[in-house]
Amino acid sequence: MPNEMQTPDTFSIAGRDYHSRLLVGTGKYRDMDETARAIEASGAQIVTVAVRRTNLGQTPGEPNILDVLSPDRYTILPNTAGCYDAESAVRTCRLARELLDGRSLVKLEVLGDEKTLFPDVLATLKAAEELVKDGFQVMVYTNDDPIVARQLEEIGCIAVMPLAAPIGSGLGIRNPLNIRTIVENARVPILVDAGVGTASDAAVAMELGCDGVLMNTAIAAARDPVLMASAMRKAVEAGREAYRAGRMAPKRFASASSPIEGLFF
Amino acid sequence: MPNEMQTPDTFSIAGRDYHSRLLVGTGKYRDMDETARAIEASGAQIVTVAVRRTNLGQTPGEPNILDVLSPDRYTILPNTAGCYDAESAVRTCRLARELLDGRSLVKLEVLGDEKTLFPDVLATLKAAEELVKDGFQVMVYTNDDPIVARQLEEIGCIAVMPLAAPIGSGLGIRNPLNIRTIVENARVPILVDAGVGTASDAAVAMELGCDGVLMNTAIAAARDPVLMASAMRKAVEAGREAYRAGRMAPKRFASASSPIEGLFF
Amino acid sequence: MPNEMQTPDTFSIAGRDYHSRLLVGTGKYRDMDETARAIEASGAQIVTVAVRRTNLGQTPGEPNILDVLSPDRYTILPNTAGCYDAESAVRTCRLARELLDGRSLVKLEVLGDEKTLFPDVLATLKAAEELVKDGFQVMVYTNDDPIVARQLEEIGCIAVMPLAAPIGSGLGIRNPLNIRTIVENARVPILVDAGVGTASDAAVAMELGCDGVLMNTAIAAARDPVLMASAMRKAVEAGREAYRAGRMAPKRFASASSPIEGLFF
Amino acid sequence: MPNEMQTPDTFSIAGRDYHSRLLVGTGKYRDMDETARAIEASGAQIVTVAVRRTNLGQTPGEPNILDVLSPDRYTILPNTAGCYDAESAVRTCRLARELLDGRSLVKLEVLGDEKTLFPDVLATLKAAEELVKDGFQVMVYTNDDPIVARQLEEIGCIAVMPLAAPIGSGLGIRNPLNIRTIVENARVPILVDAGVGTASDAAVAMELGCDGVLMNTAIAAARDPVLMASAMRKAVEAGREAYRAGRMAPKRFASASSPIEGLFF
């Protein structure tokens, strides 16, 4: 066995180590049972929950997602999906902290419009700054701009989560070079968030050097969500191992003398 | 558990069922030990061996690959790598059959030139015809032309193996639409052979509906071949499961009314 | 003015020099008038005509395409569209030669099936051999396989015409590396034939070093065929000039030390 | 002639109509003479000049670019290349206004770092706001984020100029869907700025519906800049005409019933 296969390959968020690099959401499933089975099959240890759409206890008497996803077993990552300005995002994080016994880990997203669901990076930077000052540990959804990613890190966000493609699009990684540049510059974990559509997309994200991938629709909207969750688990592991294994240099032909000879004309 | 996860998902070659859809070669490793460990990590059940480059017993007194890869455990798939005309390919298959106790399963490849290693499909068709008449069970390496693939099937080849990209290039699937068309038209197994470079490439091949993937350089020329073999095993499983799970329809935005609205302009 | 702009940049087919590198077909237009105006706007000097679908005189009393496209002004290139075997293609070429006063220039296409319209390269090679022996000057439609392209050249074809994508698909160049390889190996003109969808596709074909581009649907099925013909004329010239001008080396960043540093991961 | 070819197809910047949609820079040429010949061949009517690198009169006694590029003939567009914060960018615009007799048209760029030359959109938004208040007519370089583009328009910028790829990279349009979304949402002209490498890239930008393209390195760093300038002129015209002509719908095969049937799997 090589060293790489013996060393545990984990990454760390807010002081806790995780071996699973696949983070999942809870939206769009048929029912609570399918949600639970898909999350189980995904192997995820971190599950994100939209505070404005899911009952974490704010509506007493209704089914509570925490009854299905025990905080003892999963890291519950409350997110601000559905917030279109900094103020409501900050308010939503504070509500989540209360509902989750003072836990300060949140995923911030401030969206720019309802049609594209692209982030509003200006409002995101503002909200991130306020949340960090208020003691939150902020994982942050953003576009794939390397400068914005660096600014979010400088503000004190503990993880930066650039989009692969628009939320819910399933288009895969539209701009791998940008994701790669973000990874190369970062000193905090980089996780691709949004836009993954199928297993190979998740593998590509990991091969680019990302620390993890977060997804929801790609699993929930598959014909068989539980089987797709299993596919995604393996794809993330495959991409991670390929990244660590160091892929062969691509060449036009086996006989080429230079690795990338002639790939552009 | 959904039905898909309970049913064994196997494919059949020459009357035998295989659960592993990753086929590997034995070339370019540092030594026999690394070869064995990488093949072990890949989970492959079918291992292809270049008859003209590897000792299957034709050179007595030299190390024999069959001592490392037991035919009891692996299906040994002799191939005609290094043959540039139909006659030498046919002759090589006959030699392999003798060395392997009359087993008639072979992988035919007839190459067009030493620089590109593209197949010579005209010579391949000719050799395939002769081999089938002579009782061989022919898996055949070819280009990604759907008409040639159909002709090889009509001749009686038991599996058609289109290239993803030139042998040893690691460029990944250059023309997914052609591979898809070959898969849609086929009544025999289609396996992508040659050109895979990293894990996501293997996943893509399986997501296109291929029955399997054969590779050698992508594993052997990785910095850590054993870890890459593990990555490829998971990637092939991930891609297969994603294919069976039925991926979400890609859309420009979650809010789009039509699945692929506006993806071309 | 640099030398490149002073030298006439022509290419030669069957002993005649052409300055226009855009070849067009005559199918799918609304009427003869639109056909004529689009061809005029394209600047084409070579126009291909499907012998089995167009009246070149074989049906006396019907409108004759040669009345609209004078052989004095245009090189009429009869083609074998609609032929699915070598014999009918050869027969069609002989008919064309008779109708065109013994002119022996033809475009050979032998298709593999009606659904994909991919060429049958085996039948194409056979028909090409027979036509060359019979004194024809054969321009030949083929797939994008570099070995097949070389074999067609060796048989004596005077131009090789690989597809960009399936006929009538408008998908653009699916495998630029294959086209590039064909160009690098060739000693006869290489013209991309079939699959171009818009102006940039035609420019890409020329930037890969092709000698010309042949198209029909991309012009005829545009909303405004005459304007699209003008666009294609300029795109072919633009791509050709860019090829001759020698493009800058792509780099990840202006500050990168190596031209293609890090474009694959 | 169709209507489209008769109507003059111009676009408007700061109240003036332009028929050329190719804007060029003046950097990286061998000498003033090559600069002038390339700009001539490009057909550009708007020429951008880096105020911090080029003498517009601020260094008396040195050669002045305005002697080569007469403001009577060209619209001189001073830009803030080399500025890494809002303040220096604003100051540079004010200097330009003085040097150019009070003309208030500027191209704003505020860069994020020297390695990637990506824009700092936060600083750009700030500088744009200040410049608009100060009476400038601001064309603004930005990333390809549709929300940022809309915010720059709302601030009052008169044209938004998203990058195709990093400045000086020549990588072409990395994320066509983002550019398309920006175009669809805009009420001001959208011009692709930075990253174009060859003629087809420029054609693609125009086919996406952009109003124009600005480039410098792709011309200046070509082996023959003057010929490349001519190629770019034709490519921009070709892409624009193709956009107006309405391209055919792409399909997998001519026989497909739906335009984009099966392009994703």
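Each chain carries a letter (A, B, C and D) given by its place in the written order, and its residues are counted from 1.
We adopt the following convention: a residue touches a chain if its C-beta (ideal position, glycine included) is under 8 Å from a C-beta of that chain, and two chains touch if they have at least 3 such contacts.
Because the structure is a prediction, the values reported are computed rather than measured.
Chain centres were defined as the mean of their Cα atoms; on that basis the chain farthest from chain D turns out to be B. On superposing C-alpha atoms, the copy chain B sits rotated by 180° relative to chain C, to the nearest 5. For the touching copies chain C and chain D, the fraction of interface residue numbers used by both exceeds half; the interface is of the same-residue type. Work out the mean CA point of chain A and of chain D, and you get 34 Å between them. Taking each chain's centre as the mean of its C-alpha atoms, chain B lies 47 Å from chain D.
Distance from the chain C centre to the chain D centre is 34 Å, each centre being the mean of its Cα atoms.
In chain B, the residues touching two or more other chains are 116, 171, 177, 181, 207, 247, 249-250, 252. Interface of chain A with chain B (complex): residues 1-2, 4-5, 114-117, 166-172, 197-200, 202-204, 207, 217-218, 221-228, 230-235, 237-242, 244-256. Within the complex formed with chain B, the residues of chain C that make contact are 112-113, 116, 118-122, 125, 143, 145-148, 150-151, 165, 171, 174-175, 177-178, 181.
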